[in-house]
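Following this line, the structures themselves.
The same chain A turns up in both complexes below, where it pairs with chain B and then with chain C.
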Partner chain A sequence: MDGTGLAISLAKAGFVAFLLLNAVPLLVWLERRGAAFIQDRIGPNRTSIAGFALAGLVQPLADVVKFMFKEDFVPPSANRTFYLLAPIITLIPALMTFAVVPFADVVRIGERLVQMQVADLNVGILYVFAIASLGVYGVVLAGWASNNKYSFLGSVRASAQMISYELSMGLSVLGLVMVFGTLQLDDMVRAQGARLFGVLPLWGIVLQPLGFLLFVISVFAETNRLPFDLAESEAELVVGYHTEYSSMKFATFFMAEYIAMTTGAALIVSLFLGGWQVPFVSSETLNGWTADLLGPGAGSWLAALIQFGSFSAKLGFFLWLFIWVRWTLPRFRYDQLMRLGWKVMLPLALANLLVTAAVLLVIDGAAGR
Partner chain B sequence: MTPVTVKGVNPADVKDVARAQTDENRPWWVRTYIPAILGGMGVTMRHLIANLRNRRNTATIEYPEVKREYSPRFRGRHYLKKRPSGDPRCVACYMCATACPADCIFIVAGEHPDPAIEKYPVEFVIDGLRCIYCGYCVDACPEDAIAMTRDYEMAGYHREDFIWDKDYLLNWRDRVEREDGYQPYEGEIDKERMSRGRL
Partner chain C sequence: MSEYVPIVALLLIGVLLGVGLLGISALLGPNRPGGSKGAPYECGLIPLTDARNRFDVKFYLVAMLFILFDIEVVFLYPWAVLYRRLGVLGFVEMLVFLSILLVGFAYVWKKGALEWEA
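This part shows the complex of A and B:
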């Protein structure tokens, strides 16, 4: 890799990290204000800079300052090494997963075609699952190292839950992998630019409606969001695995939760809703228009910007869905959670896989391959 | 044991209705709970949109600017009433201190120079941190000398700030305007109800 390539890679990584870290305060704001309006309250609207509260958007800033200056307490009975390691182990995988998510079509810089994706791995989806399942270690370590019964119970629940739902998560995507015949997310998004009968965008949700539903439910479970927040269960376990954490260590868990949410939503969008594809306008058409307008170089940038906007809009909808569901549904009981995971989701995912395989076989047979 | 029958209802029908309500007898699409979840999400979204449009239905009272209207019988911080001369109406009879369940009233009686008034409080202290704001002192007072306001904004930097002495109790309302709260009963006293222990 030459110098320019390295610089471009660093710029992309920096952009994605910036995006993810800045999504957190916005999401916290959206969560708090959204929850307030849903519950007939007003929510934070007091904190202001020079009289500008920006509808409460300044509140996260004040929260950050508060987190920084709070006492950073390590319980004397905790296992210090693992206690300090746990928040980092939770945050890093949450940040890493986003690396394979493409957020726009290729952009032309001089002679170079740059992919708008941090890492175009040929094992894309496998990488996602491998890294996402690392997140459970942070939760387990946090609960175990805190030496607190609530933390411990929370982490035990979380690990059982995450392992159970990872199965149906993986199986629900396998159908899609079979349809598109690739593990690369960028290729999948590109394949979703096709149309059915020239009208309906051939997104993953059209090809695999059941897979979509199962995947969305699994993502809710994987990110420990309500109705699957048994790891936290504030009503019964204080806040579960991060009960003993204070100050910026707690904030790290908090950030990890919201970043995992963003990554989960980005995966849903990329796999099932066409990723950066603008509905009804194919990437070639869009690039043609913008190239006519600004020339091929700047045109590809404008097209990428429009596609990034499309991606962000879909992402935003799913992030809102996470919040919306949280303030609508109550938490599952533990046995209900396990029953849903093993006796409903898993058989459905397997059935979906089987039917998809059979249909593909018939289509391929008809095509004489 | 004979079954309880409701007029016009066949018990067999009731049993069927009850069975129809169980999970197994609902259609499969109801049992996925997806329609119910979507319905619930509709409810939350309706609230969200209504509250975004206007704040009429929000329960929040934006406190320092807007304050809750309390009842005229609200039992807030006490004050001592004065005679026209400016002296306290209190005759240091200890009725309030005796009635007080929290034991928060401390009185030292002294002889009044006016022979028409027997005693007066040399000291009259209420410990606002012990007080449970029950209003029994107001009920107990034979001289209508103590009453309550609607003041509930009692914050202080020190515990000493809540030890209200005679001077404070007589004069704090001159400094801070506060509406009257719980007052001594002024109407006709129903002797019969009183004999039953109720005013």
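This part shows the complex of A and C:
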């Protein structure tokens, strides 16, 4: 990799980190205002800078400042090293997983074609599962190191839940891997630009409706969002594994949760909803239009911007779905959660795999491949 | 391997951010320990026992089952990528593999390892 290439890929990494970190206050705002909207309240609207409340958008900013000036408290009975390490270990995988998600088609910079994705790894989805599942260590360490019964119970529950749903998460994507014959997310998004009978966009959700459903449910469980927030079920466990955490350490857990949520939604969009594909307009057509308008160089930028807009709109919808579900559905009981994971999701995912394999065999056989 | 460079960059950003965030509140926040503030939070009750108690063996069981089944899933991945090039042979071989897996799953189910109501 030469100097310019290195600079470009570092810039992309910085851009993604910037994007994810800025998504956090926005999501906190959306969550609080969304909750207020659903419960017929107004929500935070008083905090203001020089009279501008921006519909409550200043509130997350004020919260961060408050977190910074809170006492940095470590319980004397806690295991100090692991206690401090836990929020960092939760944050890092959440931030790293987004690296393989493509957010636009290639952009032309001079002679160079730049992929709008931090890293186009050939292991693609496997990287996502490998890194995302490291997040469970943060939860386990937080619960163990706190030396608090609520934290401990919360973390044990959370880890059992996360590993249970990782199975169905891994299995639900397999059908899609079989259809596309690749693990790379960019190739998958590109393949989803095709049309079924020339009309319907051939998105993952059309090819694998059951896989989509299982994957979305697994993402909810993996990110510990309601109805799967057994780890924090506040009515019985105070707040679960981060009961003993305060100040910025608590905020770090919070950030990790929202970043993981964004990454989860981005994965759903990339795998099942065509990623950056603009519905009914193929990337070639779009690039043709913008190239006529601005020339090939600047045209590819405009096309990428439009595709990024399409990606963000789909992403926004799923983030809203996360919030919507949180304030609509009640929490599962633990035995129900485990039954759903092992006795419903796992067999269904296996059945989906077998049916997909059989159907592909018939289709490919008919096509004479 | 050069495609992993930006991932290392993201890792560094994560580490710096995590350490920085924790550092900021250690620097700016007050530090006044003492009294019962240090006791583990138990909704106002005085803790009688250590938190690191024994817990239900079922959690171990779930972790063990997870490792078994997750390895099966890992085996399925390379097969899935190449599936459309393997043809009928690939399908039959995976049917054999999955039926062995399903026998194990049925055994675990029948044994009650997936029950939580006890």
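Here is the rule we go by: the second predicted complex is superposed on the first by the 369 of 369 C-alpha atoms of A that agree within 3 Å, B and C clash if a C-alpha of one lies under 4 Å from a C-alpha of the other, contacts with A are read in each partner's own complex, and residues count from 1 in each chain.
One rule holds in what follows: contacts are C-beta pairs under 8 Å (C-beta built on N, C-alpha and C of every residue); 3 or more make two chains touch, one makes a residue touch a chain.
What you are looking at is a predicted structure, and each value in this text was computed from that prediction instead of being measured.
Participant: Which chain, chain B or chain C, is in touch with more residues of chain A?
Facilitator: After superposing on chain A, more of chain A is contacted by C.
Participant: Return first, second, both or neither, reflecting whether A:W301 touches chain B, chain C, both chains, or no partner chain.
Facilitator: In the superposition, A:W301 contacts neither chain B nor chain C.
Participant: What is the contact status of A:S247 with respect to chain B (first) and chain C (second): first, second, both, or neither?
Facilitator: Touch status of A:S247: second partner only.
Participant: Should A:F69 be classified as contacting the first partner (chain B), the second (chain C), both, or neither?
Facilitator: Second partner only, chain C.
Participant: I'd like to know which partner A:Y137 touches here: chain B for first, chain C for second, both or neither.
Facilitator: A:Y137 sits against neither chain B nor chain C.
Participant: Once chain A of both complexes is superposed, is A:F317 in touch with chain B (first), chain C (second), both, or neither?
Facilitator: Once the two structures are laid over each other on A, A:F317 reaches no partner at all.
Participant: Which partner chains sit in contact with A:F37 here, chain B, chain C, both or neither? Use first/second/both/neither.
Facilitator: After superposition on chain A, A:F37 lies in contact with chain B alone.
Participant: Between chain B (first) and chain C (second), which does A:S151 come into contact with in this model arrangement: first, second, both, or neither?
Facilitator: Only chain C; A:S151 stays clear of chain B.
Participant: Using the touch definition from the top, say if A:W342 reaches chain B (first), chain C (second), both or neither.
Facilitator: Second partner only.
Participant: What residues on chain A touch chain B, complex-wise?
Facilitator: Per the touch definition, chain A meets chain B at residues 34, 36-42, 324-325, 327-329.
Participant: What does chain A use to touch chain C in their complex?
Facilitator: On the chain A side, the touching residues are 1, 6, 9-10, 12-14, 16-17, 21, 67-73, 75-77, 84, 87-88, 91-92, 95-96, 99, 118-121, 126, 144, 146-153, 156, 159-160, 163-164, 166-167, 170-171, 174, 177-178, 181-183, 238, 243-244, 247-249, 251-252, 255, 334-335, 338-339, 342-343, 346-347, 350, 353-354, 357-358, 360-361, 364-365, 369.
Participant: Flag every residue of chain C that touches chain A in the complex, lowest number first.
Facilitator: That would be residues 2-7, 9-11, 13-15, 17-19, 21-22, 24-26, 28-33, 37-43, 47, 50-53, 55, 59, 62-63, 65-66, 69-70, 73, 76-77, 80-85, 87-88, 91, 94-95, 98, 102, 105, 109, 114-117 of chain C.
Participant: Can you list the residues on chain B that touch chain A in the complex?
Facilitator: On the chain B side, the touching residues are 37, 40-41, 43-45, 47-48, 51-52, 55, 57-60, 62.
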